[in-house]
Amino acid sequence: MTIFGESHGPAVGAVIDGLAPGIDVDMNFIASQLDLRRPYGKISTSRSEADDFSILSGVFEGKTTGTPVCIMIPNTAQKSRDYSATRTLARPGHADYTAYAKYHGFEDYRGGGHFSGRITAALTAAGAIAISALRGKGIMIGTHIARLGGIDDRPFGQSEADLNKDILILSEKRFAALDESAAEAMRSAVAAAAEDGDSVGGVLETAVTGLEAGIGEPWFDTLESMLAHGIFSIPGIKGIQFGGGFDMADAKGSEYNDPFCLADGKVRTATNNNGGINGGISNGMPLIFRSAVKPTPSIYKEQQTVDFMERKDAVLSIHGRHDPAIIHRARIVVDSVTALVLCDMLSMRYGTDWLAG
Amino acid sequence: MTIFGESHGPAVGAVIDGLAPGIDVDMNFIASQLDLRRPYGKISTSRSEADDFSILSGVFEGKTTGTPVCIMIPNTAQKSRDYSATRTLARPGHADYTAYAKYHGFEDYRGGGHFSGRITAALTAAGAIAISALRGKGIMIGTHIARLGGIDDRPFGQSEADLNKDILILSEKRFAALDESAAEAMRSAVAAAAEDGDSVGGVLETAVTGLEAGIGEPWFDTLESMLAHGIFSIPGIKGIQFGGGFDMADAKGSEYNDPFCLADGKVRTATNNNGGINGGISNGMPLIFRSAVKPTPSIYKEQQTVDFMERKDAVLSIHGRHDPAIIHRARIVVDSVTALVLCDMLSMRYGTDWLAG
Amino acid sequence: MTIFGESHGPAVGAVIDGLAPGIDVDMNFIASQLDLRRPYGKISTSRSEADDFSILSGVFEGKTTGTPVCIMIPNTAQKSRDYSATRTLARPGHADYTAYAKYHGFEDYRGGGHFSGRITAALTAAGAIAISALRGKGIMIGTHIARLGGIDDRPFGQSEADLNKDILILSEKRFAALDESAAEAMRSAVAAAAEDGDSVGGVLETAVTGLEAGIGEPWFDTLESMLAHGIFSIPGIKGIQFGGGFDMADAKGSEYNDPFCLADGKVRTATNNNGGINGGISNGMPLIFRSAVKPTPSIYKEQQTVDFMERKDAVLSIHGRHDPAIIHRARIVVDSVTALVLCDMLSMRYGTDWLAG
Amino acid sequence: MTIFGESHGPAVGAVIDGLAPGIDVDMNFIASQLDLRRPYGKISTSRSEADDFSILSGVFEGKTTGTPVCIMIPNTAQKSRDYSATRTLARPGHADYTAYAKYHGFEDYRGGGHFSGRITAALTAAGAIAISALRGKGIMIGTHIARLGGIDDRPFGQSEADLNKDILILSEKRFAALDESAAEAMRSAVAAAAEDGDSVGGVLETAVTGLEAGIGEPWFDTLESMLAHGIFSIPGIKGIQFGGGFDMADAKGSEYNDPFCLADGKVRTATNNNGGINGGISNGMPLIFRSAVKPTPSIYKEQQTVDFMERKDAVLSIHGRHDPAIIHRARIVVDSVTALVLCDMLSMRYGTDWLAG
């Protein structure tokens, strides 16, 4: 998997190598996933692109061929305004300064360049194929906004059946809170922050059902390692925890350990504080993890900063379109990355043909 | 880097490939790091091995040669007791069942086999060389027990100078809390859990100073991705967060963003909620992250479980030696993995010779 | 580096990750390299595409940014004729049957699909950037047709200065034989084979000058390993040898060993039977290797084959456009792959910024 | 797979990661393979070590566990003689100078260090497990000395049955020529070179039977790429060709193409000039390749060289034990590397459990 593109370049895209042959590629589903990632209503940026995508390779007669799939999404809505005035002012919380430190000034700085959230459109399109492939094998993925602006969503269902219902519900929501009144309160919190020229973050919670026991490697490619590796590539993610994680820092072993039990002859655990993973390997329970999403760094409030080329203090006011929250858009990216990582790990374990059925 | 070994096999060890030539290998420092990882006083297992290690390759006349370094630590204290009685009872929170699911019964099940904390001895020895190499380039790493049993340690110093002092303090502590009275209370909490046949977990906090801006790759090898990948390989880690992470889930952008400022002509940030990383790339501020350590799964209390071969319910009482807490030992493993990951990323950026000076 | 595309899909392309920032991207040079790869005169296929390429990412203001470069070359000249009649007849020497065995019939079979030589256009475009970058560091690459149809080209110059002259000559030749009368004879041999409905192969010889001593890893990434890995990805390559190789199978150690000597204070060897590599690592002498190119498998002669779906014998007559020789086009692909491999290995050794100067 | 060790360090060894669980580990077979690699009779070095090996991990109750297998072979026979006199004289054809260029003088220079043929003992031991695993799946590997000192061995049998007979014959030969009178003449050629203080090389030919069609990736991990990558890691290999290779440089397409045919309902080819590979993917025919082995660089004859530290001309006379030929020992290393590469590729295709049966 390779991701390419810049916010204000000709296109963003992804190349996925190693996909099994014969996976159905549903163009409508890709389009609908891209749509869920797009800005939404008043609580999002006013930059809104149609996200027309082209599949340049690796798909033939509606199915993957087994060779690399290149998906390209042209950039059409970028404004050609002049970035030179603020080019050397490091936007706090953004990658302007670190990109400069890494690329020595050769980076495409317009609109965040390669660090723009725009790039996640490519991930989403690629992820849509992975999500479809996993569904075909009975593996379901869903993410909800577990917390935003101090408001908690209702928890995921406990049983696998209830979880699957929740995942289905989420797949049809533009704003992914399970409890509609919580959703309403969260949207109000975003709107309030927006009015204040400010932004919010929150916590996403992801569930994966239908994953068999035995996936993951003890050193160094545990299931937690691989998922964390992928999830931390998503801009704005600053934390991840599996099962109890930080929330159970004060728990005792007798509380945290998940006693094993049998259900329909299958090995299960009575609780799921380990988030479906023991010793880095899936145990057959639902995979549960939470990701911390920091508040969008682009705010309208005036901020202190420096001119990193001239090495002098500066004051920055950011204008233009941007999101007071990205968490409701990021959830589809988290689903996508999760699916891509799982496809990789399942192919490793069961061979390159497995996903094709 | 490859880790090998089982708890009750002949030896555990590690092979580190890609180390620069000419790095000083201080056998005493390796021994002292291994010593810090070893069980300690009443709050640890009574299995205590001398951890005599041998370097089988890659070191000549006290320095790395640039070829793979193999460190081997023979297992000497394993008891040859009979594991067959409990072989098929899945210990809750442990990898017995998942190892069985993955390896189909061919796994070495004695004492946790390849999933034993014992394997981290090899990581620690390898990490000691990496830690030394980084120190030679002015990069310091230290981890304290930020929270255990509801007790918080004092926070890390804020300035880089104070942080370096704290790291120095930690390097000489067997029980890594910065505040001695907090340490005392934590040890009591461990002892109380032990008396109760139970165990505790907690939160580790790691600081890295001296790392230049510009380290990390946007997709998919961000600094967070790479560190999380490594840290989640350590048994018992269930969460990681950089900077504010989950703790600032309710913060606004104006609170979370770290305004840039100048200090001695260098670009710095006034706060460090991003944990030293913007857009997946180091920004020159101290790297700060927290890891959630779950309570040791081995407890003396009776637990419900299943016999995963016979597929029937069972009750498990674990005897033998084990730790009521491993967090105070895990911190040196976190330091080690951090160092190994950073060596990798620095070599990628500056070339294979850089670490040699 | 990822290569994508099918002969009859919308486009072929490549994504190069890990390029240093600040490398000049000369669109004219890319175009001229693509031009050298294109069919030529009477001795090539009559399919001839303009090879208009687009750079979708990773280049800003004429230089690489350090982020992935995606080059796309649309397919414009593919004929929409019906492939279904011969879809299940395995063309001898081609990948039809092996693709079917691997991809279970989901492969895009039109015109060889992902196995088409067409894909090497993407490699050539990507390679052009690598070749430019290396030239900037004084590293020159050139390949001539050492043998074709029983005719030998004159050998490369022995001194580094003469080699560089030869490389310059080759960069301006459409048909890369150093000796013009040999070139003439070779072209006649190709034409004769074409007239006979047959095809020819031959031997390419590549020289690289300006590479410092010390590049390569003993296990398992020797310079020979890495170059061979890359070169064998090129369709039609069936052999590679460094320096003397098979040609000196009967030599004695006293003949094969290259005695070291000094030239202008630099360590050199008097002969170069080791092709510039000792122990898998460059020794500072010119890198010299030969690649065996098999005759183009597409011939007009009637051939025995099987219908691999119906499992019955068949006779195949291939019509349509194809090359009686590809060796004169393959040489630019060999140059490109060599450059890409060397960029990788130099970046590993000297860091990601090195190539930028 | 990682290889570690130096000729005169404490041990050499290998760690193999990714082996399937449940593979039989036959200690006697490992020992017998090591024995075939050892010096033999008058035509080998007088350094002869027992090659006692230990398996430190990854094997339990006679079978692989699925976790990394570490095999260690202590060095016992190294002489503690003084290397300092010749330390800075580059032995022609050896890696002394290139190791110095790469490792800046920190390399363990005694006896070739990490570049010593001694390291192939570890490869051989690791390869023995891979060879066993493949045999269990009906995949047989054998290598003969196709040419040495101008003497050709008889060719491999053409049918798969005859090839399997030849492979069996080879597995019991210390000196792997199929024709006993050719073997005799080859040994005489080695002895003659030895008497003259000189050395010989030659050509090895390897056959693999029982490999299904469909193994290999078009870009960039073709079967040829992967095998060549591995084989070129073996010291002294300077060329590799698959099927016809360089030997058919002058052939026409009509001669080189292998017409497909049916045999017992299976797709086969009438000839095998492509060496069992089309488009980088196995076609179900025997895999056939040749490797060029250069003459052992260690010769007793006086040689011109330089002192690479003092940068002055020097004359070198090498004393001590060394081989006038290594080709008869290298063949077992070629078998081993081939097996390890194939295990990798088969696991990729069929999943990590496949090899276990």
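Going by the order they are written in, the chains are A, B, C and D; count residues from 1 in each one.
Just so we're on the same page, a contact is a pair of C-beta atoms (placed from the backbone, for glycine too) under 8 Å apart; a residue touches a chain by one contact, two chains touch by 3 or more.
All values derive from a computational prediction rather than experimental measurement.
Peer 1: Return the chain pair with more inter-chain C-beta contacts, choosing between A-C and B-C.
Peer 2: A-C
Peer 1: Could you pull out the chain whose C-alpha mean position is farthest off from that of chain C?
Peer 2: Computed centres place B farthest from chain C.
Peer 1: Take the average of all CA coordinates in chain C, do the same for chain D, and state the distance between these two points in whole angstrom.
Peer 2: Centre-to-centre distance between chain C and chain D: 27 Å.
Peer 1: What whole-number Å value describes the gap between the mean CA coordinates of chain A and chain C?
Peer 2: 39
Peer 1: Provide the C-alpha centroid distance between chain B and chain C, rounded to the nearest whole angstrom.
Peer 2: Centre-to-centre distance between chain B and chain C: 46 Å.
Peer 1: Which chain D residues sit where two or more other chains touch them?
Peer 2: Counting only residues that touch two or more other chains, chain D contributes 2-3, 67-68, 102, 114, 218-219, 353.
Peer 1: Of all residues in chain A, which touch chain D in the complex?
Peer 2: Those residues of chain A that touch chain D are 67-68, 218-219, 348-354.
Peer 1: List the residues on chain A that touch chain C in their complex, please.
Peer 2: Spelled out, the residues of chain A in touch with chain C are 2-6, 9-13, 15, 17, 21-22, 54-58, 60, 63-70, 72, 102-104, 106-108, 113-114, 353, 356.
Peer 1: So in the complex, the part of chain C that touches chain D is made up of which residues?
Peer 2: 1-3, 90, 92-95, 97-99, 101-102, 114-115, 119, 147, 149-150, 193, 196, 198-203, 212-216, 218-222, 224-226, 228-230, 232-233, 235, 237-246, 248-262, 265, 267, 269-270, 273-275, 277-284, 290, 292, 294-299, 301, 303-306, 308, 311-313
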